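Heads up, the thing below is written out as structure tokens.
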Amino acid sequence: MLDDKPREACGVFGIYGHKEAARLTYLGLYALQHRGDESAGIVTGDGKQIRAHKGLGVVADVFTDEILKSLDGHLAIGHTRYSTTGASVAANAQPFVANCKGGPLAIAHNGNLTNTNALRKYLEQRGALFQTTMDSELIVHLAAKSQAETMAERIEDALGQVKGAFSLTFATKDQVIAARDPYGFRPLCLGRLDDAWIIASESCALDIVGAEYVRDVEPGELIVIDENGMHARKPFSAPRRAFCIFEYIYFSRPDSRIFGDYVDRTRRKLGKQLAIEHPADADIVIAVPDAANTAALGYSQRSQGRFEIGLIRNHYVGRTFIQPSQGMRDFKVKIKFNPVGGVLRDRSVVVVEDSIVRGTTLRQLSRMIREAGAREVHVRVSSPPIRFPCFYGMDFQTMGEIIAARQSPEAIRAHVGVDSLGYLSKAGMLAAMPNCAENYCTACFDGEYPLEVEEEMAKLRLEE
Amino acid sequence: MLDDKPREACGVFGIYGHKEAARLTYLGLYALQHRGDESAGIVTGDGKQIRAHKGLGVVADVFTDEILKSLDGHLAIGHTRYSTTGASVAANAQPFVANCKGGPLAIAHNGNLTNTNALRKYLEQRGALFQTTMDSELIVHLAAKSQAETMAERIEDALGQVKGAFSLTFATKDQVIAARDPYGFRPLCLGRLDDAWIIASESCALDIVGAEYVRDVEPGELIVIDENGMHARKPFSAPRRAFCIFEYIYFSRPDSRIFGDYVDRTRRKLGKQLAIEHPADADIVIAVPDAANTAALGYSQRSQGRFEIGLIRNHYVGRTFIQPSQGMRDFKVKIKFNPVGGVLRDRSVVVVEDSIVRGTTLRQLSRMIREAGAREVHVRVSSPPIRFPCFYGMDFQTMGEIIAARQSPEAIRAHVGVDSLGYLSKAGMLAAMPNCAENYCTACFDGEYPLEVEEEMAKLRLEE
Amino acid sequence: MLDDKPREACGVFGIYGHKEAARLTYLGLYALQHRGDESAGIVTGDGKQIRAHKGLGVVADVFTDEILKSLDGHLAIGHTRYSTTGASVAANAQPFVANCKGGPLAIAHNGNLTNTNALRKYLEQRGALFQTTMDSELIVHLAAKSQAETMAERIEDALGQVKGAFSLTFATKDQVIAARDPYGFRPLCLGRLDDAWIIASESCALDIVGAEYVRDVEPGELIVIDENGMHARKPFSAPRRAFCIFEYIYFSRPDSRIFGDYVDRTRRKLGKQLAIEHPADADIVIAVPDAANTAALGYSQRSQGRFEIGLIRNHYVGRTFIQPSQGMRDFKVKIKFNPVGGVLRDRSVVVVEDSIVRGTTLRQLSRMIREAGAREVHVRVSSPPIRFPCFYGMDFQTMGEIIAARQSPEAIRAHVGVDSLGYLSKAGMLAAMPNCAENYCTACFDGEYPLEVEEEMAKLRLEE
Amino acid sequence: MLDDKPREACGVFGIYGHKEAARLTYLGLYALQHRGDESAGIVTGDGKQIRAHKGLGVVADVFTDEILKSLDGHLAIGHTRYSTTGASVAANAQPFVANCKGGPLAIAHNGNLTNTNALRKYLEQRGALFQTTMDSELIVHLAAKSQAETMAERIEDALGQVKGAFSLTFATKDQVIAARDPYGFRPLCLGRLDDAWIIASESCALDIVGAEYVRDVEPGELIVIDENGMHARKPFSAPRRAFCIFEYIYFSRPDSRIFGDYVDRTRRKLGKQLAIEHPADADIVIAVPDAANTAALGYSQRSQGRFEIGLIRNHYVGRTFIQPSQGMRDFKVKIKFNPVGGVLRDRSVVVVEDSIVRGTTLRQLSRMIREAGAREVHVRVSSPPIRFPCFYGMDFQTMGEIIAARQSPEAIRAHVGVDSLGYLSKAGMLAAMPNCAENYCTACFDGEYPLEVEEEMAKLRLEE
């Protein structure tokens, strides 16, 4: 994934009924690490109380064996969050925990709400104190205000008042509760490990703990798991589905099963369709690793172009990587990728990439490939031009930086400096998807937002 | 101070109108370090926003130059908190900060409220979320719920609903507000440095920044400092005063001026009175350093006994000091004190101590003095026997461990293993005080609580 | 790379004549991170003194911007070291620095000496003090003892007395010196960036700083770089060459150029030869990522088997990863790899792996692939069976654990639990190499050691 | 102790024959913390190997329970080192450990050698590698070079070649060896705890572990403790004794017994003698705490002036204390001391201080006392003017800063800004000492160096 790729906020996990609940949550978060490496947290419940630990960094750095040992309990939820800049990042680590009428409540959230300003004003007028700037805190406030009797009912009450994208896990001292917004923007699935129930953003988190994939949590569904077993209801409804198509294109892991099919399979189809729409008479087909690997394979299979590994990705890049003080050309790309001279020299090369946001990094990458001896460079993108901001949880760069919002494909080709550039068509993209096309949110490509957004929020993003 | 001494919660500081507000707060907290070394925190305001930093440990460890530099603003409040055990100590570090209707509000609190259970229930029913287990959070909730217009009015509203001991500083982005409960349990004073106003728990915090002591913040007073200057009102009233007499006996620094007089002067008078009530025919008078030093000097001056330094105190004791695995006799005392052989050998010694809680450490200390060659050991205590718990902010050991609650002075003498033991009388203690006797809270000595306490709270403490 | 893969010690780097010498060394080490992530260190010289910083961990963790800023100087050497267990790892971080007659001398070493016991005894008898257990310290002692006039001559003197594998960079306050043993066991190359000369273990470290590859440092060569420019001599000779063939098979990065050719190119030829020797009638060809990727591509191209990505590798694995307390089956493999269900289900699969040491991990991996639905699993190994220990710097597991030392390929196949298993032949392996076959050390495959080893050392390894 | 006080390097400790050797050493170092808080280290031996841990900071920070547990063995030595600035402080932490012919050897050193340049040159010519810039390393090199048979003999050999001040403990895997130079510059004593023998810089380190003081290690003595018991010899001789008189005046703890008597007793006599030589018609006598406390008591007793506590010392001062960015007047003194207003106001005050080096801090302190209301300030110093550098381990500021080297007492009085200033005479000081006057080194007062110093070293210090 390049630096100018969209960043989505968060992976969530939940488990009920396992004596190693904290450890399995740790593993689940580890498998969901690609959904966020800014912070990680786990909250456990043992029937009497809850325990929490959160911290900045990747899962393996935030938790030690000692900490995991201290997180007693047969139920747990966990969260992993994407890296953003900002002073108060530590306070925004999740799960968010607060004490309220019914006892302590913890929440882990993936997605973005779209009526936060209204909710915040409403709550402030009623004396609410806010600890963070997170959407998720609003949900807990609403639940605390509810006069309903059980915590599950209070959560239902609260979620009835919020709009937007949410795939959620909650923990109380004796329950795990999960919910998914009725549009189904973000993935969420249900699994089973012996007697335990598991909730996870992607099925790869079930695989790592050896759990079986049962089904997706359905859009609009609320699931309560406690000593009485697992109970599902569907209190929330929406006029349509709006699965985030970007999860298939780039965000989810290829080995995950989301929205009803394997990511890998869909991504390969995108590559094949791309080969049909934009063939290239080139010697070899390479991917920008790792996200575009499968699409490149698909492109190669359909186009008969030889698949090669032309870029080696360095996986040691840390968050505090230090730059040389005098600008080194194409530095940001160099520390991530190195071209393989023996593969590229004197070749005409198709480079498959999953999407383009700013174009800056792809420009550097193309230059690097050319300097390694490639005769021709043809870029093929397995999604249409991104032209609109996302309000449901995908954190693109500011609008001003989205290159296709301002420039034509030909201008982008010239900017990136390659011999040809082909984007997959929207129709082609949708043809590659499982489910019918109407079920996907494609707002970032066509501006058709399935769910209204507060005026202020929309203005802010568009003006940025 | 011995390990079994009462521990009081917290020192507070506030400053308005100085471009180095954070740095001066840092110094002020450093001077108040004896009031708490568990955690420290500073919140600053620059007119537009507030900034906060808190952490576990002593002031000098929690803050670095870089952190202080980042704490911009012309106003600041700070807090230092006493060491207690418990898992969630980090969350309980102060100042507590929250966002509410009027913007961000920070609070630093010294003292204990006595109607917290009732307040908590009241707030929970109205949907409040609690982040901590601190009294202080309740005050902020009440202020957030107030329909009054300005933040100062909302705080006044809130404080009108709480009972107990409080010496408080608040910060908003453009105001510093201070308040003291109408009984005046805990000290709080007002100072001036050039154009800046300062609020501090003790005057030693004014001295370190070179500020001038102006006067005490009066019991029941509310002080608002902002661009319009300093404005004081007295909205809270009480049937009497109830200055904590323990502040004079042990807790405050000898160089501080509290409740209208120098601590040092009062402590010396306690020593003199002790010499009158319990003379001893001994060769030398020594103190248990450092808190009893002045009382011992007073005792020596009045009794004509020669003052000597018979115990050397080791100031490097850290919080994680490691014990030998096989019990070493009197170890806890040995790492704090070493007897001076040349002073004690073959002498009859008066040991002046400020108070006795459990008696365990004094027992070890006496044995150590005797083993260093003292012929006779006579303990003189510059306060009466402690027999009741404190609900206003002095954290004694659990009642079960307060030795004088269960045993007579003679039994204590035998337990401690000394030749004689004399406690100062209550009348003698009060005679040494400035102000009239009725102005002091002496509940820990006589059980006469000036302000009612919630039943549950009282039960809990007494049963412990 | 699987856990039971050979681990080699270290990558080295050196640069002379660049005002950002420390930063470029940092980048060079970052590119060599795959050669060792236990510790990292940089030593710089500015003509007057040397400065050093070393620490445990990966390069990006050991160095901060502040530290790099403090490492002034126009010359630098650096070192990155492989993870091993042991209490004194911190002391063994390199470069090793000592003060001696000619001033301070720093050394960074890749390789193993084979006459260390004799050298150690010789030096001990003459009063040498040892700070570490590293071979490299011996070289510095020998240089310090030399009566030669210049540091370069003293180093030449010292290297004349040692036997074994060494690719070395040295720094004094005003010189960078490099040397490679006359057998040429380990790679070492020379590069150029503007006016600066660079030495590096692999050419990928030249690429990252934008330097040009000039040539390999030749076996037996000694290179001195200082204000007089670069001067090379060849004082050391050997009866033959002995390039470590494992560098091509597994250890070096595919984008590096070593021993005169690209690693990627050689690795692909290994895969093609493997397809000729051990064809398989399977649906797809997958690699154990990342080291076997290129060989698998080669296998697929020659065999016409479809190349697929059947295993996703998780790159977040840290060194302190925590295991579930109750054994989870195949856990070690699960946290590194996840099978792609959509690719493997109902397929007959060729799995290409670069080498087998213990076989344990491959066994778990095969089971995981089968459980993901593969119909048949055929393992193909792009090197012959490893049967002998290495004394020249490749740290295999102890002999007792090298499975092919004790078992036949058929027994190994049964142990690993796959349908077929094919190893590349030694002749086939050599045929894929650039240079003539006699130039390679193949001792780990055939036990023919090109250079004698001290008896004690040999015994130790074989008995382990 | 004021900032401009002499700083001496180090406290040493050793123990043989106790199963908790590391823990008792930890306690011993803790009691010797006043002799150095820059770094601390412990080395243990268990008959088979040695183990070591060292680090920067105070003893309680350098060691954790886990670390102490890992330091197995029935023998141990330890070291605590004074704070100095400099980049490579970590490398200079002691005990210094090296491997040599006879196995590993560890050394802990208090004192300074005076022929280091000559020794260093001698060793360099013979190929020695130096890891540190410490004198102590030279001793280990000399021992390693010795052809004597046992380690004790080799150490004797080595110490026969060094000149200067040394109080030493050594550890091998099965022996503790101690030695003191024949002049006896620095203290060293021998104690007994059950079957264990203990060596310590001061007797306060025996007290804390409950050991009995047996006797001083005599000047010129070498003590070997192993499974054969304790054996003492006196292989080193000198024309005279030269006990550092500054140990009595300022450096050692008052509760320690050194050079045959209690420090406290001697310090009191200095105070009494000072009262005789420089009486003052003042209301009260106060000390600059803590070092001058006992001298002030002696002054008060002899002069009939009332002893008071007029300065409160803040013990929380850390090493990284942050200054206000705009100069606050007398800041360095303010964070260490606060005057007690009630004591000083309108009083004529005698301030007893143990010594003056630069005078800067005393000047600030006097001003602070005056601003607290003192009518007159009379400084009395319990030692003569310091006028010469020390080459035997007392690290005064550079010569240029020693105020009495350049100015008369009257000029110093004017500089410090007090009403009168009286230094104790040299004769008076010597009269207060136990032992005969000829046994003391008074070089810092009179320039009569008992032992010659290398020309270069002398020049360096004098020119600084």
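The letters A, B, C and D name the chains in turn, as written, and every chain counts its residues from 1.
Everything that follows uses one rule, which is that a contact is a pair of C-beta atoms (placed from the backbone, for glycine too) under 8 Å apart; a residue touches a chain by one contact, two chains touch by 3 or more.
Bear in mind that the values here come from a model prediction, so they are computed numbers and not experimental data.
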Distance-maximising chain from chain B - centres being C-alpha averages: C
Chain centre separation in whole Å, for chain B relative to chain A (CA means): 50
Separation of mean Cα positions, chain C and chain B [Å, integer]: 62
Computed distance of Cα centres, chain C from chain A, in Å: 36
Chain C: positions in contact with at least two other chains: none
Pairwise touch network: line, ring, star, complete, or other: ring
Contacting chain pairs - touch in the sense defined above: A-B, A-C, B-D, C-D
Residue numbers on chain A that touch chain C, as the complex places them: 20, 23-24, 26-27, 30-31, 33, 37, 58-61, 63-65, 68, 204, 207-210, 253-255, 257, 261-262, 264-265, 293-294, 297, 301, 306-309, 312, 314-318, 320-322, 324-326, 328-329, 334-335, 338-343
Chain C-touching residues of chain D, taken from the complex the two chains share: 51, 87, 98-101, 124-131, 137, 140-141, 144-146
